[in-house]
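Got a structure here, written out as structure tokens. Questions coming.
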């Protein structure tokens, strides 16, 4: 495939506080690319930047520098209302997109797809009691099977969360304090020192 | 061909995508279920299917006819009827008036300004039949607004039934009902199942598993899976859930 | 009624009885306040129909004070034809439909002998129509619409104020000589405005002036800024304004704010005393017509003002104005006419009024006045006035510029359009 | 080109006028937005503001002893400023009384609040008539903001520009108050979910009382500002309440920005029709509304409101 | 006893929702109120808060009769509420949402720092408009808002509804922490299992009445009883 | 409302009582200190109020510009008498038709709207009509109104009656009132009446059971304006003139007041009571004091504060309480 599915190119996002004396309160850096359909598992504590990264990928957040290419299109050059045709962010139960509108519509390009190519699931509700998990996992696989790129983001705190991740995901990204660590399979992931540190006793169960 | 079909429905509210890609079909004579966790877009989906909202993309077909974007009225007249999750009754009317107004004969004479409503024996009979179906025959002249919760739910269904629908949509009929009342409702729906094509939206899986012929699971504004209750129940996660333990 | 009551209460129990009791009490209150005026012998009852609420409430009050003073003076002399004079006042709300009802009420319920009072021409019309139907004499004291003595004239109605046409006659030639020939009209877009403007237009053109444009403003306009800007852009020498009611008050204020009161020159149809009393003099813009002023240097005026102040020591207006004057004069003339006729028979009184002549001295004006029998409008002296800028006396607001004899300012169009009902068509009414 | 040169003054005038309209609508909007009460007494309270101000400015020596005499000795500008502050406060107190009467209508059909205030409008207007007479009154403005100046060959009223500037200031201050202060936060929270606000320990009745008083005080402020332009008479309020109502609906119920924009839009419409088709200038406002509401059901920036039911 | 409800009856208009309901909560105790939708659990909370006052019966909080007291006074006495639909003010920032709730009572006072400690994401959310928060973030805000009101009793209405399990866990931890601080909690739950784990005692309601009352442990252990009462 | 006695009967007892009181009115009105003409106006406004209540009380649609259609009726009556031919029937038919036409056009804009937006649009259209009535003075006579409208004789084929006396006119308008009352009573108990009541309670659900809500809202507005037009035509006949001020916002506000004071929201008879009370109070207060607006306003405020359901509502509550106290055990306090 000539064009990579998702290219996160030297992306950087900073949040700062204070008008005169600026203090950076949070920064996120990412630089990776994914060439083909996959289910990517993403883990990290709350506030580590997972959601921010997703927002950047779907174009609803403006990067401080760098760019995001989805199917070869710079997401920030695509019309606001069509960005979700490239990458869609499932945030809790529905998708909210609040854009920093910087340019009028006619200066932007239309999206090339009808149905989103990149699906980002932000903390899906994996609840063992209601029984929906299985259907959700099937759905991830179905999307993957239709040639879509799927991200599943989770902050695991039960052993079965890790089992799920291991079961469906092919690649992993670990986020902590705004920096990313990539791993190609689950075992490699849990060998990483920061991951072990993060998961604590859950690792043993896994 | 299916009696009712939805193809590629997409719906947004402002910057919020609520339905991404909905494909559904319901066969005549069957009881179909739509289920999904809270906030999955079930009710919006329902509202699009029954014409309250117009989808941004996609088509809704009823009996082979495109009914996308038709007004709720036109859709109702084609024979699709629905009940509401948040109760939507005529609170100042008596129970029988609530049903009576939904009866097609009364509807067809809606612009009649001289005939007495109460004198329309045929329509009254029909309303009485519906009340009997939903078990409210003894409360026909009570004010709908002062009925107990369970009876209001039943009346909600009664109003929908009175329109003599070919397809009946029920939106979370068990919402707010206790165990007993839910059980009674199950019985009522089992009865209705013989006479009507029914679609039920529910988040209570157990309720649906007991009633439906087939079920579509909606999440993230999309149909994430569909199948018969048995097929769905076979899923290992369902097995290990509360539901599986009980079933 | 008592039979009905009994029948009802038998069937329906205590609640009905309670309600009927309340209703009966209410009606009882009505009965109590009915003042019975038996025809011919009892007091003469005058129905006062001036506005007490709405746009003209203030002028209505002044009008009423004039009538009351005249009535009081006659009563002090022992009344008319040996009968005391009483009055009933009901608010017409500056609303014609209410005017109709009030007139019906005064005639059929209160059995009034005469009706007096109007500021709004719409209300005057409504009342006069009912009055004509019943043959009750009605005096329109203060509405200055030319239609009152023109196409809406009636046999029973007599008009006591100068009208727009009179004032225009007085003002136009004067203004062309003093200010210039380039005129612009600002006209309230309703009948009175159009009538007044067309009268002005004809006069201006006859006197060699040129109308460069007419700006129509809808009734109810409160903001004249865009119109004033337009006037500046068009640069007329004279602006003739036919703007009435509250619109005029707002316009006046805004013109004063811009200091545009002098340049261009403003010809304003009329400014009623109650409308301007108490305002700073720079708020009176331009030249305007009036029928009387309390500082006219004529015999009797000082005494008249003193009588006013004696009778109304607490009123805000320390001196009488034109509205008061018209109300007083109309009532005074009517009562005199009854005396002259020796009867309250309406036909006799109408005939008396039709040949009414009042000397200049009695009217405290510069010229003799007379009733025009064809239009029933009082033909009287018309004064032009302007703001008395720099006066130290807060009450002395006007400077009288000129006076015109009645014939000079007569409303020529009125006789052509007025078509009085015949006496035969006017029911006999003898209260 | 000539047309454009002629048009410019009217645009400027229209915007100035529009800002005045926005000021008139401001208090009305606050009350509609927060309390969902259509306060038809807005106009009468607007008038009352003017009358109170007139009274405060017109204090004469000997009325209130030495303090009064000191006050009378102050320059006109100072007394005018006093009136601008005290007038609205006094009307705010009247508003509080009215709010107490309104309490019974909360949670019922909004029609009842509307009708109650309609009755109140009649009462207040009549009280003004009893108190000050039905005649025209005059509100003195200090010399610094009176008179006129010449700009671009045309005479402009200084006061009108003062008034427009004042409106802008008032609008910004109210906006800052709503957006940047904890009180504003409470008001907005109360507008959104009155029950939750109570459950957080905020005295809702008191909040409503103050919001109503504040909204009514803004009406009075507008009345004081408008009095030198429109004049002052008991029924002057009718001229204020209808445009206010119209602007709110045009802008969309509950939208601050919408109300301001709608105000300016109405001002421009009235100003420009006033210049080129003056006999339609009043009607243009209504036609604008009909056109906008026909195409945008909730006005320019409207959100869903209980008032729709 | 911090809360004592004595046989209250509550009506919505002419419809009765509670029938002689009695329950009590001790200081520092976590009490669960379980039962199906429409059983009257939320109505009970609303009656305590004075939003839908009970017409018959008596409610005492901290030894004072609050049955017919105004809601804001009840809250100021130290009752906080975390409603099931969070009811965060969407047009305000998180900070404003929290600050308008802050007040002092006779009970333990909480400060912003402690909130950040309990819910770390709040710190960076502080200046966001609440419209764009996720469900979990809203719940954190709602709980923080309740705590800043310095309550002696917190009423949780379905705290786990629509939340990710991780957040449910956080919420349950918070409840445990409140208990340690001596603050009483009354938690209404449908998702009964997670609630049973944190509760000391539970009441089960149906049709506006208490149908069972006892230690949480009993229900946790007795499957048959649990299934007959709660259906799970 | 009225589920048991006379539910949908053609003639009911309250109707007979009302008619009896009104028919006997000319015999006693003078002796209670009133005057016949007031009776004429009251009955005309009762017709107007009944028509208005069809909209406000039954369909729940607030119109604050209804005076416009009353005015159109008055003008249409007057113009037809002055320019076509003198005939009562022609005049009244014109009044009804033109008012309904105006109403139908306006309703086309209105019927998609609800609540405050509905109310405001009615105001806007009302103002437009009012404005036109003054602006188009060549036809309408501007602010002076249309004057000297003849009051033609009543011609009913075989006989002809003069209506020039107020008594005769009174019986004529009363006859029309009777027809309107019976017709409206029938209408509100017909399927149509049921549908509009349903729309008031739950517009959305009415649509979902297959009714064309728009069309009903449109038709009920048009119907209501037609009745306003009829009343306006009669009013022009009574006043022998037609004035623009009945179209003003104020006059439109008074009809709302009237209907609510009477209790139109809860009773068919509310508007009838309201119109009577309104005119009596106004006449009484107006002749007793110049500040009648103050007292009237206070009375109205008190009404909204303490008895918002109006006189008819208070009456119903009164009867209900009476019932409850006599047979308390029949109605359990709780379920």
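The first chain written gets the first letter, and so on, giving A, B, C, D, E and F; residue counts start at 1 in each chain.
Rule of thumb we're sticking to: a residue touches a chain if its C-beta (ideal position, glycine included) is under 8 Å from a C-beta of that chain, and two chains touch if they have at least 3 such contacts.
Just so you know, these numbers come straight off a predicted model, no measurement behind them.
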Those chains which touch chain D and also touch chain C: F
Distance in touch steps, counted as few as possible, from chain A out to chain C: 3
Winner on C-beta contact pairs when D-E is weighed against A-E: D-E
Chain B-chain C separation of Cα centroids, rounded to whole Å: 71
Whole-Å gap separating chain B and chain E, where each centre is the average of the chain's CA atoms: 33
Centroid distance [mean C-alpha coordinates] between chain B and chain A, Å: 37
Chain E residues counted as touching two or more neighbouring chains: 15, 135, 162, 193, 232
Residue numbers of chain D (touch at least two other chains): 126, 129, 279, 282-283
Of all residues in chain C, the ones touching two or more other chains: 53, 189, 218
Chain D residues within the chain F interface of the complex: 38, 101, 104-105, 108, 110-112, 115-116, 118-123, 125-127, 129-130, 238, 242, 245-246, 249, 253, 279, 282-283, 286-287, 289-290, 293-294, 297-299, 305, 307-309
Of chain F, residues touching chain B in the complex: 3, 7-8, 186-187, 189-195, 197-198, 201-202, 204-213, 216, 219, 335
Touching residues on chain F, where the partner in the complex is chain C: 17, 20-21, 24, 28, 30-38, 41, 131, 134-135, 137, 141-145, 147-148, 166, 235, 239-241, 243, 245-246, 251, 280, 283-284, 286-288, 290, 292-293, 315, 318-319, 322
In the complex, chain D residues that touch chain E: 182, 185-186, 188-189, 192-193, 195-205
Chain C residues within the chain D interface of the complex: 53-55, 57-58, 61, 189, 215-218, 220-223, 225-227, 229-230, 232-233, 246, 249-250, 252-254, 257-260, 274-280, 283, 316
